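What follows is a pair of complexes built around chain A, which joins chain B in one and chain C in the other.
After this line comes the complex of A and B, so read on.
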């Protein structure tokens, strides 16, 4: 019986090609967008690559200071002095790292300018973030402390400076300083901003140590626990130490605000810049779900409309089947099956479209070094979207069809 | 004729309810996107207030523990690079433009509280940036040693504090315990770029001769046509004058390109998605209507038999969809109007809202006509004989 239904369904799809095309278009385009968006969200919240331990670490990336009158405030990245005083003495985290935010630097090769993003980091950085070393190694604690002029560079940077030859042991000159390359790592997507850069050099390689005195600006901190369960303990210890911290100019800036955020909280922070309130992760989740559902509602109603038109077209067929004793449940299951087959075909097309557009986005370099991935969670999201479509757009028309009066249906009057 | 079709459609509103719902949602989505584009265009086209050609920024890390030494080094650096033949002018500024970093404060006045961004620049920077002075004068040496600090404010802040009155030489409260004197009003200085919202702004003076003055970036105006490779020479010179410092050199053009690119990406994605949605709706309506028309052989054939011309039948089909769309747009409008009434979104003014409604209505109507056109053409092909033969 099932075989007959499937054969019938395929025949019906071929009968009115225009309808089939419209349905497939709706389903595949919607699925493509959903896949792209969910892959992007997944990639940021559960990053692969260097940030793969993201569920164990918290980032401190913004702080603000408020004047005594409570009116004037400055808001920027934390400074080294602040991070050193607050996160370095922390006991709950297994590892703590302080590193500079990305800065634009330029190097020159045969008079051609090479633009790079540079981060100055400590040695713990390489333990918290799991970089894929193509060759070489990160700098050690001693080398970082001594401020040796060493650099780890990305694959892309290595290619720009040295073409295809090995970069190890060679030196690069950026912003007037020379560094010896000791490691080459795989490119990191700019979306993983805790890790991403093109060149990494030791914090103290810079001759000036003025930055160690600065409470604000230019740095980020990462704290990582042994297990994800330590996150709440790390947060409360951070808040305790923050409360005890005093700005170097305490008269002018008595209040200092900062927070240690998980990856998803970091994203929620982008939409809510007020550091006084905790990141609105719940609101962000609700927003994402509501937008997704709203986005899917339109194609769904569209499909319902099309499906109703379709069954009206087949009124005489339904009339014949009814008058020969087919039950409503038979007709409903037949129609639902047809619809699910259609959505599955659309799903496959949508999947291929998504892969294709992911490829083009990667190649076009709109999001530098970002490679989309479809993992199990994204795949599950896609399958549930297909089911959502198949069932929701089939139920109402099928129910309507089953209620048709056979006599009228045979006449073609509904 | 229109009234008659409206009556018919009103009678069949239940049968058409799903199509109406579809158009309602399509209308609201379209309205949201159009309003978003309209608001973006408004902020984008508001005057930036300064020019960014041939200007480069050099950022460095000042040492707040030793301000005097920082100031001295920065001043020396400024002098050294000012002598380069490629450089026409050089000034200091607290933050470079087109990036999301600023100082902000809240100003308390009789007319309410205002959120104000601010920066400090050295004398003559305003002219170099091509800013427009509306009243008063720019900051200069005569502001040295005044007990009340001088400040420049933008037109919006002037309107907010002083209304239509004169602002020059007026005082206002700043951070509770200080007063500031307005010496000039400028058109605007949208530090964070074209896509940032238009807001209040004020500008302080950086006195280069004061050893305590503090700044974190130098900006240079290079001769037109200076190649980007000039940076190599510049970096060498900077490195010589302050060997312990790290300098970051970017052009304002580059900073702006980055700002525009990220602003555009945020705006293009919803536009592309809504285009796809509109295409889906169009195809859907076309399919439904097509089927609808083929089912109405009898009715339409009968009309032809009674003497209706092909054009009249065609008009009926198109008008029917237009009437349905109008009903849907009315419902969508009633839903959407809650937004400007409640005033949740500040930039969504009534004029922008109504403009967006008008544009969305026209687009939906055009879409309806386009979708109904082909089915209406099929409807004209029915012959009276077909209708009478039916069954």
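After this line comes the complex of A and C, so read on.
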């Protein structure tokens, strides 16, 4: 029975090639877009590369202070002083790290300017974030504390300064300071902003230590537990220590607000800047799902229409099948199977298109150093999309078909 | 075998009501070869559809094998159609995308039969209409007469007790028509299949055991 149905499905697809083309086009383009978007979301929320432990860590990347009169407030990145006072003494995290946000620096090679993004970090940074070292090593706790002029650079930066030769032991001069390269790491996508940079140098390799007194600006913190289950405990300890924290100018700024956010919460924060309210992760999830469903609904409605007109062409077959004892359920399952075969073919094409466009996006450098990946979760999303299409666009036409009066169907009167 | 008792059927459109059958009673015995005749629009096809359980009467009773079935729903009627009745249509109604063999197998798809057994029964049915050699062909590669023979093979593959033929020779020339009549006659004589045939052709009707004549939805005797 299955063989006959599959055979018939393939024959029907060959019958009206333009219809088949439109159906396959709808399915494959939609699937391609969904795959690209879900791969991007997946990549940000469950990042591979250095941020691969993101399920275990929380980031403190924004804070705001409110004046006593409640009228003025400031909102920016946390400062070293704040992070040092709040996260460094924390007991629930296994590791805590303070590092600067990216700043643009310039270096020169043969008179040519090389622009790079620089981060100043402590040594624990290298333990929380799992960089892939192509050569060399990160700086140690002692080296970081002493503020030695050492640097870890990205593969791309190494190529810009030293071509294909090893960068280890060589010096780079950025913004007037010379650093000895001790490690080269694989490039990091700009979308993984906790890790992303071109050059990483020790926090204290800085002429001035004035930053240690500043409560606000220029820094980020990461706190990492042993397991993802420790996240709630880390959050609650963070909030407790935040409540106890006093701004260096407490009379002027009595209220300090900040939050420790997971990767998904960090993204939700992009859409909801008020630190007073928790990140709207639920709303973001619903928004993503609704947008995707709406995006899929339009081609589905189109497919339903195409399917109905295809079915009506087969009225005689339906009449014959009913006359010879096919029940409605037989006809529904036959048509659903045919439709799932069609969507599977579209799915395979869409999958290939997605892989192709992912490759081109990676190569084009639209998103610097970002390489798309299709993992199990993205694949599962793709399969659900195919089933969504197959079932939703097939069920109504199949039901309509099964209800056809056999006499009218045989006469071709619908 | 088939008993139709005081059946009435009328169709209603927005403006008019047409009576297709008016108080028709027919009794067809097992093994009979009966033809239904009458002018166009007299209710022949409606009567045929009632017997074939494709249509339901407005009033009256229908018995098949002493089983009263006019009030059965679609789900309960489907297995009766599948097991007891075989249809032959004027315009063959073969599925052009399927091979002759797959077309003949069609009624067996709705029974719990293995693929191997389906194939065997289909080849056996094709043998009865002398078309085994064409099993792998597609309907549009065959002549009209051959297509109708495939349709007969499809109708008899499930070994039904009743064959309903709606103008089976209507689309064929006389030689092919005679060929089809011979096959139907053989099925009736050798296999004892009950055959009800709608026809316009008096000559073909004379070949059957009994003629039921209809006029304006009523029996004429």
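Convention: the second predicted complex is superposed on the first by the 412 of 414 C-alpha atoms of A that agree within 3 Å, B and C clash if a C-alpha of one lies under 4 Å from a C-alpha of the other, contacts with A are read in each partner's own complex, and residues count from 1 in each chain.
By our rule, a residue touches a chain if its C-beta (ideal position, glycine included) is under 8 Å from a C-beta of that chain, and two chains touch if they have at least 3 such contacts.
The shown structure was predicted, so the numbers you read here are calculated from the model rather than taken from an experiment.
Trainee: Check whether A:255 is in contact with chain B, with chain C, with both or with neither, and answer first, second, both or neither.
Mentor: neither
Trainee: Quick one: is A:345 in contact with chain B, with chain C, with both, or with neither? Answer first, second, both or neither.
Mentor: neither
Trainee: Touch check for A:8: first (chain B), second (chain C), both, or neither?
Mentor: second
Trainee: Is the number of chain A residues in contact higher for chain B or for chain C?
Mentor: B
Trainee: After the superposition on A, what does A:327 contact: first (chain B), second (chain C), both or neither?
Mentor: second
Trainee: Under the stated touch criterion, which partner chain does A:410 make contact with: chain B (first), chain C (second), both, or neither?
Mentor: After superposing on A, A:410 lies in contact with chain C but is clear of chain B.
Trainee: Common interface residues of chain A with chain B and chain C?
Mentor: On chain A, the chain B and chain C contacts do not overlap at all.
Trainee: Considering the complex alone, what residue numbers of chain A touch chain B?
Mentor: 18-19, 22, 25-26, 29-30, 33, 67, 69, 71-76, 103-106, 108, 111, 113, 175-177, 206-208, 210-211, 213-214, 218, 248, 294-295, 297-299, 301-306, 308-310, 312-313, 366, 411-412
Trainee: For chain B, which residues count as touching chain A in their complex?
Mentor: 18-19, 21-22, 25-26, 29, 61-66, 70, 101, 103-106, 108, 175-177, 228-229, 231-232, 235-236, 238-239, 243-250, 265, 273, 276-277, 279-281, 283-284, 286-288, 290-292, 294-295, 391
Trainee: For chain C, which residues count as touching chain A in their complex?
Mentor: Its residues touching chain A are 49, 52, 54-55, 74-75, 78-83, 86-87, 89, 93, 95, 97-98, 102, 105-107, 109-110, 115, 154, 158.
Trainee: What part of chain A is in contact with chain C in the complex they form?
Mentor: Contacts found on chain A: 1, 3-4, 7-8, 11-12, 15, 316-317, 319-328, 330, 406-407, 410.
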